[in-house]
């Protein structure tokens, strides 16, 4: 059996619903329709009453989930697009994120954010919000880059007693396929060496992983072995694995798809500089999308986000140092 | 005449209203009542019809401001506390921030955020959101640390053709005083050497400036001259001035009051490492508040945010390197 | 009463002032006379309805053919009468018009050139959004047409702000602002805050709610629990109206009342149009979730077919005149498409990669 | 009718079912009889009202004295009857109660111990929030009392979620959820989304809107444009009621109807209480913006004084019994304060500086 990144997310939700009667799904058009991306296809038939269509009320959807979690339920909220979670922002960062710390009562909710850019989607159907949510204490931010992680991390997210922002990348939904799902997986908070190398370390996550690997492959002919680290979750952030890699390569490039000011890439560099200063042979660099909203026209969109080409350029500059 | 940081903000709004008939103020309780902090005291009498009480509708307040700006008005929105801007988040980051880029029509609005911690204010009346808003393309983020800047930067904010998030620190409202207001001020985006030094550079902003200066003064007896840089605005960020200072001192500590993951301090370090690598004699460090919501009890609150004492500890560690 | 029947003569109106407001209510109750006065209005409106329909049919065809269209295609099929009836009463240069995703026809009635549509959908750099944003998001704020963002409900306060500013600047005059939203959009906090705020400020705002029975796939029963959305008008302190959104005559009459009252300073007006989305949510969607039976209800009537029946029945245009009109419009559409076809796409190397109106603020993040 | 008059005998009710609902409406219309049945309920309610008032008077005094109180002090003076009348009909362990900032009395009626109040206000580490959050934010979610955050309106969907979960888990039974909000809070998008969602899900939710005429300093005319907030009930598809919030008898009767109907599965119930905040927004606020004339209206009547008049008039308690009750309560309050006085404050060195329930997730940001 072969399945896509999107199917893995659907399978994980199926499995979560099967395992625990306290799990339920809530989101717009996720019932009979199966969701805007079909991530909940047929689940309503297999688990009647536990897959609920929500009104267009992101704030109340999240508040509803927090209340349900207080009572021992484990809701999975689907935002139709990550971009619309801004309308539930207050409940996410002030209600859900603070709940356990304030009350000692856990808030095990999962908020699925169909994230990231695809050609022609424009400024409001393309955003990557992991850097925003990771800033807030109390939220776990998962950013799976593979079919395997999409499946296992989502299951892990549901089991976790803390609120999880699950950033699933729309660009990977259909293209990315796996032949099977391993039963084993890395623990939460552990990064993965996606590609071993010696000359430089590229730290990335989500869809950018694949751009980075492509860039690394292109550099092989130039005689460079680039190590690529897949963060898997950006909070918690696995500084250990990053530092170990930098210890091997002495060079660091961080690549992310979100906006360039602050965020994941800056956080990674700040940590490596604080704790791995002596390991670095060159100034650590980062590459993000440009500092404008995400353009609708593919010509502009392709230039706005990092690509194998622009990552390659950055790497060559880093290697030349 | 002597005036406080808060009075400077009130004076600046008076002056903005006086100079330009297109300026108006909109916010909860800002009319006859003069605002929760009295930042608009008497302005409704001096400018009848141009200081308007808003319902408790942060989303609509910001949307209203964007619409008004389209028509050539220059609204100043007062959020009662920065923390409540989460309820207007979508209009701020998706409507206001993207407006000029999308339509070529400027969106000159100012959103005043009474920010930062004070003893006993708790998790929802203490937040510093500059790191959140700075992540989004299209927003200017001002973080005045002095009475002079509170006045001049707010005036500058109103004149600017771009949306400005004006982070005014509540801790400085009453304590911070100036004898007079200089007519001159630094241009937008220029940082200021608040205290010259040679052994290390501390980059900070807003209320933390004063904690940093206190820490620097305490280190004098130990024979250290610490240079303190006041960013004034965190977006745009004056990398030039920071690099020039690091060139003098070789050591960098970034101090901020917001949450520790990502944000201003990480951004500063990422930039210095990318462009000022050769200037650094020691790993750049940062100090932020702890990674929990902001505690209500003063005992916990004082331990949660950086203070002269904890900054001093960080500096000694940095200087020992 | 089955669709396509003419038993509903023009003005035999489903519409009704929600409050017992004598004068206008009675106006509405005089069909024939009203209809005569409305002849010219009907014909102009019908033209925009048809133009919107034909233009959108072309967009749909291009989308299905693939390759040409940039981004998604969301059409207003079935909502043309309701969309045009409001927009045609507005005056560009004086009024504000904030269209939403199903208002191609309304946009045309407000004076939007076909080129704005073709350029955005085909991704021409010369379109109003210059390739930065797309299709239904297009707007020209300085011409009174704000450019919607995707987040539903957020446009209401923006249109209100445009009116508030005009009032503060002393140039509101008798201008009004009109905007549209769907049944699903009424569930957003932004809708509520915007409506309430407009009412508190007593702004000349007209809000048209197109209840097309679905929000994407979600039926209204999963969206709200009141019998009719119009019941919310009173709670906001607004005057409210319901209307058969498939009946151009009825729509024109209701909007004439609402727009006039807004101009007269009676504050925000809320109109709920009952109709059915005659296509998918977008062209990617086969709308198989819409029960066939529903298509046979009054709401499912095609407002264009019905308008044509009315126009013929009243002898305003005959078969050949109707056919001619259609040809004219198709010709204009062809012209716009072929002109657009030869226009340049946006060039990332020429693009100014800064979000700021103030040039000095560009931080120039190097990316190549 | 002036305040303090007894012309409004118990049950001579201002309240009214918003919809003509025969049965309960008529019940409400039989004062005396209803009042007799309500004797015991009145006395229990009055005790909580008085306890809340006396406890808050102490808090206010300590705040003005300075030094002792940690954080701000926001009191419910004038709202005790409305607050208690709902809470006293709920059962801890079965029902959910989501109090807001003016519900000290309601909290006590739901069974909150005085120590929870004193410990939070005096900053004892033993309080329910352990010094992490304060005062009116306190709650015990596992006991059916969610801990409000400051952002108004956001509690409604949380209480709804607690009910939805119980229904999914098959243990909803006849339990209900009740929560409170002010006139100003109704302008939030969160209020709208929460109300609409609860109605769509037909949850057993009771929402008490305390219209105390002001949101901080903002009068209702700058907050909404409808005649009465109850007009929003219909727009949500809820049953709604208005009541004189200063009249305990009326409040008890209305909430009995609303709570019973919620238990019966009739979906969300909305009650608007008309009253006046008899203090400042907080103790820092002298409320000079409240026109003296308004204090003389029915809304300005002190619900406790009036309840005492009712109780005496009906001979339920005599002077000395009333005095004794007061002494008892004051004694309990003294006990709680002196016990709290000797309790430890939170210790930053012992504090677990992680926001996560999962211990392994603490990233341990070193700070000293």
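For clarity, chains are labelled A, B, C and D in written order, and residue numbers in each chain start from 1.
Here is the rule we use: a residue touches a chain if its C-beta (ideal position, glycine included) is under 8 Å from a C-beta of that chain, and two chains touch if they have at least 3 such contacts.
In this text, all values refer to a predicted model and were calculated from it rather than measured experimentally.
> Where the contacts of subunit A and subunit C overlap, which chains show up?
B, D
> Could you tell me the distance, in whole angstrom, between the mean C-alpha positions of subunit C and subunit D?
44
> Could you give the separation in Å between the centres of subunit B and subunit D, each centre being the mean of its C-alpha atoms?
37
> Nearest whole angstrom, what separates the Cα centre of subunit A from the Cα centre of subunit B?
30
> How many angstrom lie between the centres of subunit A and subunit D, each centre taken as the mean Cα position?
42
> What parts of subunit A, by residue number, touch at least two of the other chains?
In subunit A, residues 55, 57, 59, 83, 86-87, 90, 94, 97-98, 101-102, 123-124, 137-138, 290-293 touch at least two other chains, as defined above.
> Going through subunit D residue by residue, note those that touch at least 2 other chains and give them in order.
129, 132-133, 137, 149-151, 187-190, 193, 196-197, 200, 222-224, 354-355, 363
> Given which chains touch which, is the overall layout a line, a ring, a star, complete, or other?
Graph shape, chains as nodes and touching pairs as edges: complete.
> Can you list the subunit B residues touching subunit C in their complex?
Against subunit C, the touching part of subunit B is residues 21-22, 24, 49-50, 54-55, 57-73, 75, 90-91, 94-95, 97-108, 137-138, 140, 160-162, 188-189, 236-237.
> Going by the contact rule at the top, pick out the subunit D residues touching subunit A in the complex.
128-130, 132-133, 137, 139-142, 146-147, 149-151, 154-166, 168-169, 189-190, 193-194, 196-197, 200, 354-358, 360-361, 363
> Along subunit C, where are the residues that touch subunit D in the complex?
Those in contact with subunit D are residues 187-193, 196-197, 199-200, 202, 221-227, 229, 231-238, 267.
> Residues of subunit C touching subunit A in their complex?
Residues 70-72, 123, 129, 131-135, 137, 149-152, 184-185, 187-190, 215-218, 222-224, 289, 345-349, 351, 353-355, 363, 365, 367-368 of subunit C touch subunit A in their complex.
> Can you name the residues of subunit B that touch subunit D in the complex?
It is residues 28-29, 32-33, 36, 53, 55-57, 59, 81, 83-84, 86-87, 120-125, 260, 287-288, 290-293, 295-300, 302-304, 306, 310, 313 of subunit B that touch subunit D.
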